[in-house]
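Shown next, in structure tokens, is the structure this report addresses.
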Amino acid sequence: MLFLTRAEHFNAAHKLFHPGWSQEKNEQVFGPCANENWHGHNYDLFVTVKGQADPETGMLIDAKKLSGIIRERVIEGLDHKNLNLDVPYLKDKLCSAENLTVAIWQQLEPHLPAGVQLHCIKLNETPRIHVEYFGS
Amino acid sequence: MLFLTRAEHFNAAHKLFHPGWSQEKNEQVFGPCANENWHGHNYDLFVTVKGQADPETGMLIDAKKLSGIIRERVIEGLDHKNLNLDVPYLKDKLCSAENLTVAIWQQLEPHLPAGVQLHCIKLNETPRIHVEYFGS
Amino acid sequence: MLFLTRAEHFNAAHKLFHPGWSQEKNEQVFGPCANENWHGHNYDLFVTVKGQADPETGMLIDAKKLSGIIRERVIEGLDHKNLNLDVPYLKDKLCSAENLTVAIWQQLEPHLPAGVQLHCIKLNETPRIHVEYFGS
Amino acid sequence: MLFLTRAEHFNAAHKLFHPGWSQEKNEQVFGPCANENWHGHNYDLFVTVKGQADPETGMLIDAKKLSGIIRERVIEGLDHKNLNLDVPYLKDKLCSAENLTVAIWQQLEPHLPAGVQLHCIKLNETPRIHVEYFGS
Amino acid sequence: MLFLTRAEHFNAAHKLFHPGWSQEKNEQVFGPCANENWHGHNYDLFVTVKGQADPETGMLIDAKKLSGIIRERVIEGLDHKNLNLDVPYLKDKLCSAENLTVAIWQQLEPHLPAGVQLHCIKLNETPRIHVEYFGS
Amino acid sequence: MLFLTRAEHFNAAHKLFHPGWSQEKNEQVFGPCANENWHGHNYDLFVTVKGQADPETGMLIDAKKLSGIIRERVIEGLDHKNLNLDVPYLKDKLCSAENLTVAIWQQLEPHLPAGVQLHCIKLNETPRIHVEYFGS
């Protein structure tokens, strides 16, 4: 069993905001992340897949092909976007790094080729905050 | 002459947008950076000052003190903010990395202690886009 | 199950030194790390916790709150300190990266809030030497 | 159980090339990696071992000693080399990052001292492509 | 005057080799870099341009446009190539980092738009070897 | 004119301490850096030299040779040392990053080969504090 990780990145705006709460309560719970006017991040995304190397090509999956799938299914919908406003699959969710990580798994998992299993989505919101999800 | 650089960072939302242009023209000129709903970045800021080391302390300036000045005069006003909406001194400016770099110089320069000259503001908007300004 | 990692850092002096051995034997076993006069490092600390995201906040734990706990329970006692002389819980231990990693686990683990489990302490003593401990 | 990782690096040339295929088919499958005239990389290698810390030394293994074993058994044979032409144990293999990672495991694993188990070989071919192998 | 840097990268094979010297003399002068069978690197390229920000756009030059020029004029001809064999403008030159840096300046400088001056080409051959050229 | 930078690193202990002052005054001026029992850092050192590339070798100076000079003249005397106690040329100086940077220049400058001029010593005491000295 081999594990291959492809790193990608995207830039986006968001805020942490619970629509059922007052602005005061949102600020109390989320601090400056609740700024009504948004803030943003350069997100680093690490997608790890696992499986066997193909005996003929020596590759688990062509890293360029994996990059293409990630860009089509994930990056295009998130890069230079407002996570709360522009992303249909995040519409009714709190745009925390945790929820975003799980949502990226769900977007990507159905589109990997046969023989390649999604193992981990790792998302670095800042150089000091990293979230990982392994699918369950 | 010695040069001391202090690295700080902040997260913010912005868009590139000329108010005198249509949304189409803004998108044509600025591409995805013109997204009406904003996007954002983790900005890395490098402030370089120059001068002589104090013979008694061996220091040009205490790096913690320099950090405190940068945080008070620059970071507090930018971190977790919307650059276009929340920052008085950027109100009528295009929030490009270039204009932001010059504006940070102007905010910081008057507040450095005697004997310490501001030499360079370097701002990394992403790991691949860096702007430097030396004051003129 | 989600995993959230918070990165922190501290600077400290130490030496590798077995009090029951001669200085020669210490130098033979530990090499330049046994220098009687100490040496030091910028330590990078990565604390990983695991659990469920809170349905209301979308967060496993507020990263700022986690950072506060780590700083109070770990960083304040280690930063700008001599690990061999200044840290009560390392007093009779060899201050290797391995022992320090386990000791950080023990300091931090009792202070995490309900619903958040400590998963891993990772300590980078240098960019080329990393130690991980998972609690057993 | 503790895990210790040592980072090393080497520079090498290679190409992805199946000898039973035409140059056209190789280029179709491997893209620019099939360039007949070779290309190359700065490889970052992370070797993780696991075991107990020695009660007397506080160390799982002296990181300098581990580095010495990795350099003798792996780096010397790969650094400033052509992976396809100069490395006996890669002679009949496709020099993919996946196959290279497994081959490094096989070179290193028999030479670790008693009490120290090889846990993971991680190889970064570029900053955006990482392969991990855990031995089976 | 503002300075904008765009980071790009490419992977390539090369060797250091003087055609008028014996293989022995080449190995004596260039060490393992003279390996007849080539070795290679992940090169990090930093292109710095200077000029005034356009008052309407706030930009010195659109970083995406600058990236496009660098890719067309420099990266496409070097990425996944053998510097000694595949690059017409390096044909009769020693493919040292120094000569490559100057050659990249010469390739790029004529193609920058009016109002934008090339200031510096910085090339990192490895994380520990960096070359800079300012045009004279 | 070409500029070549070689990166090296060393680990050391130090404290900021003025012998003519009380411990209270030292702590008031230098804060936690005045801890009597020392603290320490992983220092990153960047040595930049300038000159012409040799027409025969294409190199300003062999980076391995430059590394050897830096290690012999600077690193060996500082690595795994106490800067205040173990380094003769720092004996009566405050071991600030500023003074250390100037002292490294003085140690290294006389030992560079003909045709190679020292241009800059850059010392990163932490990832957020960098000092540069250009020789005057």
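As written, the chain order gives the labels A, B, C, D, E and F, with residue 1 at the start of each chain.
Keep this in mind: contacts are C-beta pairs under 8 Å (C-beta built on N, C-alpha and C of every residue); 3 or more make two chains touch, one makes a residue touch a chain.
What you see is a predicted model, and the numbers here were worked out from it, not measured in a lab.
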item: Contacts common to chain D and chain E (chain labels); value: none
item: Rotation in the CA alignment of chain B with chain F, degrees, nearest 5; value: 120
item: Interface residue identity across copies chain B, chain E - same or different by half; value: different
item: CA centroid of chain A to CA centroid of chain C, Å; value: 29
item: Mean-CA-position distance for chain D and chain B (Å); value: 41
item: Residue list for chain A, restricted to those that touch at least two other chains; value: 127
item: All touching chain pairs, where touch follows the definition stated at the start; value: A-B, A-C, A-D, B-E, B-F, C-D, C-F, D-E, E-F
item: Contact set on chain C toward chain D in their complex; value: 16, 18, 29-31, 93-99, 101-102, 127-134, 136
item: For the chain D and chain E complex, residues of the former touching the latter; value: 9, 11-14, 32-33, 35, 37-42, 79-82, 85-86, 126-127
item: In the complex with chain C, residue positions of chain D that touch it; value: 1-8, 48, 53, 56-60, 62-64, 67
